[in-house]
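Two complexes follow with subunit A in common, the first pairing it with subunit B and the second with subunit C.
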Partner chain A sequence: MRRKGNLFSLIPYYIWILLFVIAPILLVVYYSLLDLNGHFTLNNYTNFFTSVYLKMTLSSFWYAFLITLFSLFVSYPAAYLITKLKHKQLWLILIIIPSWINLLLKTYAFIGIFGNKGPINAFVQAIGLPNQQILFTDFAFVFVAVYIFIPFMILPIFNALDKLNPALIDAARDLGASKFTTLRRIIIPLTMNGIKSGVQAVFIPSLSLFMITRLIAGNRVITLGTAIEEQFLVTQNWGMGSTIAVFLIIFMFIIMLFTGEKRKGASRHGKTQ
Partner chain B sequence: MEKLSKKAKLYLSFVFVVLYAPILFLVFYSFNSGDSMTNFKSFTFSHYSDVFNDSRLMVILINTIVVALLSALISTIIGTLGSIGIVAIRNRKLRNMVLSLNNILIVSPDVIIGASFLILFTMVGIKLGFASVLLSHAAFSIPIVVLMVLPKLQEMSSSLIDAALDLGASRRDVLTRVILPFIKPGIFAGFFMALTYSLDDFAVTFFVTGNGFSTLSVEIYSMARAGVSLTVNAISGLVLFVTLILVLGYYFIINHQTRTGAHK
Partner chain C sequence: MKSLVRATIGILLVCGILMYTAHAMDTTTGKSGKNILTVYNWGEYIDPALLKKFEKETGIHVIYETFDSNEAMMTKIEQGGTNYDIAVPSEYAIEQMKERHLLKKIDHSKIPNFKNMDADFLNLDFDKKNEYSIPYFWGTVGIVYNTKLLKGYDFNSWNDLWDPSLKGKIILVDSAREVMGVGLNSMGKSLNSTDSDELNAATQKLIKMAPNVKAVIGDEVTQLMINGDAEAALTWSGQAADMMYENEDLTYSVPEEGSNLWFDNMVIPKTAKNIDGAHQFINFMLDPKVAAQNADYVGYSTPNKAALKLLDPEVVHDERYYPSKEIRSKLHVYKNLGKEKIGEYNELFLKFKMSIR
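This part shows the complex of A and B:
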């Protein structure tokens, strides 16, 4: 605590905060108040509340909800089973490795897999069904997004499950709780923080996906991210793009408020171990 | 420890197969002498030699690596110095505020970071290209470095520093001979994470890169939009290889350090 001299080391760090954390947010807010000619206007905001943008926001939330839900359904049992394995840390690393491989390449793989002549269609035809159009459908989009987010969902849930004191489960079983009751009343409530972090790690990026929508959903799905990208880089309407960005930031804070860890609760569970 | 049932094992294997199949699928077809990801004709390295003979692609590859190394270096220096400063902040409210600000870029969606940096660079007048990409990568890596270094600093007992000072060490000595060696694992982890974040980034780079400059992710995107090309598969084979080496190297360093740390 007496390391006064160290405060100097904060100078470049503070400059970074000022330039790359605070200034960008202020600039986005500032630009959201400008029209195409650089005049102040609130039109962008009134535009956002027209049916076009509201529908897009709603559909973006719907897709993010589906992606988060499916990721959770796949990840929770997987994380649970991994905690039961002998070399669980090694298996966890194996789950995480795919998340380190370039996102673009993983997405590109599905162009081949879901393609008209890809392995899925080969299988479909082998069992005597007609060729299916898989690429450029909602299903393909949600599947690829879930595929990409699974490691990010498994990791926090695994950590929460791993910290869970097994004696609590044994106690519940000894006291006559069924497997399902133990899961519902003991395991899930005590790992809620892991679930929340996972949901946060998946839901927010899902709202802002834009590369996958283009490559896999072929512009069928428009998320908030796609809309921002389009406004900034295609139509060059930075004002409208910034307005959508402002709303995305607001949504992000609301989601974080709901999924934030409750510190007190966490420390209490920690002490029980 | 209870044994897993057959069903459980089947489920886990299914998850692992789904996670790895697309990656192996890509690499498998990178050896296909045909020109699509459908019929495997015969084994060839020609797509790999295509990658190495394409001078434009090589330039992009070098760009990507240079940006990753430089941005990781810059962010590690600023992030480490910042973390050392953060633990020295006495005012609890101020410290919490700084930490919240630190985490903003971590939770922000890439699109927002990209768009807001694009506005920033245009306002300040930095030409879009190498400089803007490098600055953005360093900027979004700094908070990750801080998150990796900070726990190590908090782990360190302040009596170590008091002892060094009592024994006549200058502030400089304390930094270079006590603090830095102690937090070295955190610094390495931070540098490594910054490296992978930079190599992986697509969205932010896509926004702040100009016409003349491209990184691997952005290039793959434009190639993938144009359709399937097995050159991309060859690139993915190479990327997979490099990723595996990096991951293994990382775990080796971390394990090695914790083990030698335990010996002390």
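This part shows the complex of A and C:
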């Protein structure tokens, strides 16, 4: 803790935070208080509490929950397996690389894959079943979103698992814990911070997903992100768009409070001891 | 430290080279001087041979650039740094551009070919007396559908969309005015309605159609319809023409209750440098032969009366492309309803979309 000498070098950091984090948030709050003609109003906030936006908020949370849950179910075992492999950094890279490809490109690819004449339906027909409508369903939406978010879930969990001292697991086994008990009482609690980081990295962006909602779900799923996009680009009602954004920011803080507790002194990627 | 310095120098060097190349490309293509005309149009919206012909006749070199949305085009012109001499916005965009003073007046004395235009398409609400704009192409909003997948449907009425047998088969365009227009038109109301009761009633009616809706999307619909992935879609006549060109099972219908009539129009943006050339270009495009060739190539409907005589009679008499006077009298151009009403349309459209489950 060399606090004194570092104060000066922190200045660029504070300027950065002020300009690119605090100022934009204040601007969003400011715009949320303006109506279409630029007059001060609280109407945007009362509008938000109409059934349309409340329903949208609920459905955003529901889909974000589903996406996070499935990502976690896929990522935890995957991350665990990777830590057991010989070339784990290589395997990790293989999982990370797809996240470098532009999100839109990946989404467009899925339009083809899920289409009536896509490979999945070709397979379905080959085994004698009738053609399935896959595109524009909840399944397609959650599937693509999970696919996109998996790297962000695997990475923190992998880091937490990788740093887990194997002696602890051996000790648990020696003391008679079954495999399942070891997982439940030792491994999962010790990697909880990795899970929390992963949940944060998936849940929060899921709340504001857009584009995929249109391309894959055909707007049958509408999230807060879609609504913001539409308010800014189509309706040009910046006030309402900002108001939704303010609520989104509030939700994010709440989620971070829930997933970020008990992290005193711990590094970001796990390892509480 | 040494490698850091090296990396920094390397990055600066690459930046320098890129900047120089960009500058060099700018000077060879971008700047419009006396003998250069920059045309800013939608993609695939002109016969390239006509540009060559224009260059040959006038000695003016044409630079052709494209955009894919009115909003993007407006932003680019508004921010400056461009020198487009001709742009081709849709009617509602022209109203907005007029409000923001982005357009130059057109000097009609320099456009003798203006007489070739069909008077039905002139002097419209969005630009009285055509002070700022000359119609380029026009079209309608209607339903494109696959006759192989949907047998026995003709979509002569908007209310056909509510048919329970169409469950999960209709694709709508993700645009508030078009979809709300379906609701309003199906009840025999104006698609420029500003009456909140009517708008709410239209929304309630649309919500009853929700089970039939497969998806609400944008331009992706073209490929889906061509591939036979979707049965029916609400779309613009131009887009429908593209689809029908690729897939012969598709056909297009404008329901009897009426629909939207849209225009794309040539304008001279404020940023224009070669104003004389711009007028020459507009006059050239209004020449009957040129307009006919262009309409033939692009596949949209031309507002040029003299050109119609030169076009394939089969196309001109095809009511899908050139609806009869009787139907045309039921078509309406969107009026600029003001930000508040547009906001209301969008809120109601959102409510409708939320009901699709």
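The working rule: the second predicted complex is superposed on the first by the 241 of 273 C-alpha atoms of A that agree within 3 Å, B and C clash if a C-alpha of one lies under 4 Å from a C-alpha of the other, contacts with A are read in each partner's own complex, and residues count from 1 in each chain.
One rule holds in what follows: contacts are C-beta pairs under 8 Å (C-beta built on N, C-alpha and C of every residue); 3 or more make two chains touch, one makes a residue touch a chain.
All figures in this text were calculated on a predicted structure; none of them were measured in a lab.
Undergrad: Identify the partner contact of A:219: answer first if only subunit B is touched, second if only subunit C is, both if each is, neither if none is.
TA: Second partner only, subunit C.
Undergrad: See if subunit A has more residues touched by subunit B or by subunit C, and give me that chain.
TA: B
Undergrad: Mind working out whether A:111 is in touch with subunit B, subunit C, both or neither, as first, second, both or neither?
TA: A:111 contacts both subunit B and subunit C.
Undergrad: Between subunit B (first) and subunit C (second), which does A:233 come into contact with in this model arrangement: first, second, both, or neither?
TA: both
Undergrad: Overlap of the subunit B and subunit C footprints on subunit A, residue-wise?
TA: Residues 111, 115, 117, 214-215, 233, which sit in both footprints.
Undergrad: Contact residues on subunit A for subunit B in the complex?
TA: It is residues 1-10, 12-13, 16-17, 19-25, 27-28, 31, 74, 77-78, 81-82, 84-86, 93-95, 97-98, 100-113, 115, 117-119, 147, 150-151, 200, 204-205, 207-208, 210-211, 214-215, 224-225, 228-229, 232-233, 238, 241-242, 245, 248-249, 252, 256 of subunit A that touch subunit B.
Undergrad: For the complex, give me every residue of subunit C touching subunit A.
TA: 71, 168, 171, 174-176, 213-218, 220, 224, 227-229, 339-340, 342-343, 346-347, 350-351, 353-354, 356-357
Undergrad: Can you tell me which positions in subunit A touch subunit C when the two form their complex?
TA: 36-37, 52, 55-56, 59, 111, 115-117, 133, 135-136, 214-215, 217-220, 222, 227, 230-231, 233-237, 240
Undergrad: Give every residue of subunit B touching subunit A within the complex, in rising order.
TA: 1-2, 4, 8, 11-12, 15-16, 18-23, 25-26, 29, 36-38, 77-79, 81-82, 84-90, 98, 101-102, 104-105, 107-113, 115-120, 123, 139-140, 142, 146, 158, 161-162, 171, 175, 196, 199-200, 202-203, 206-207, 216-217, 220-221, 224-225, 228, 232, 235-236, 239-240, 243-244, 246-247, 251
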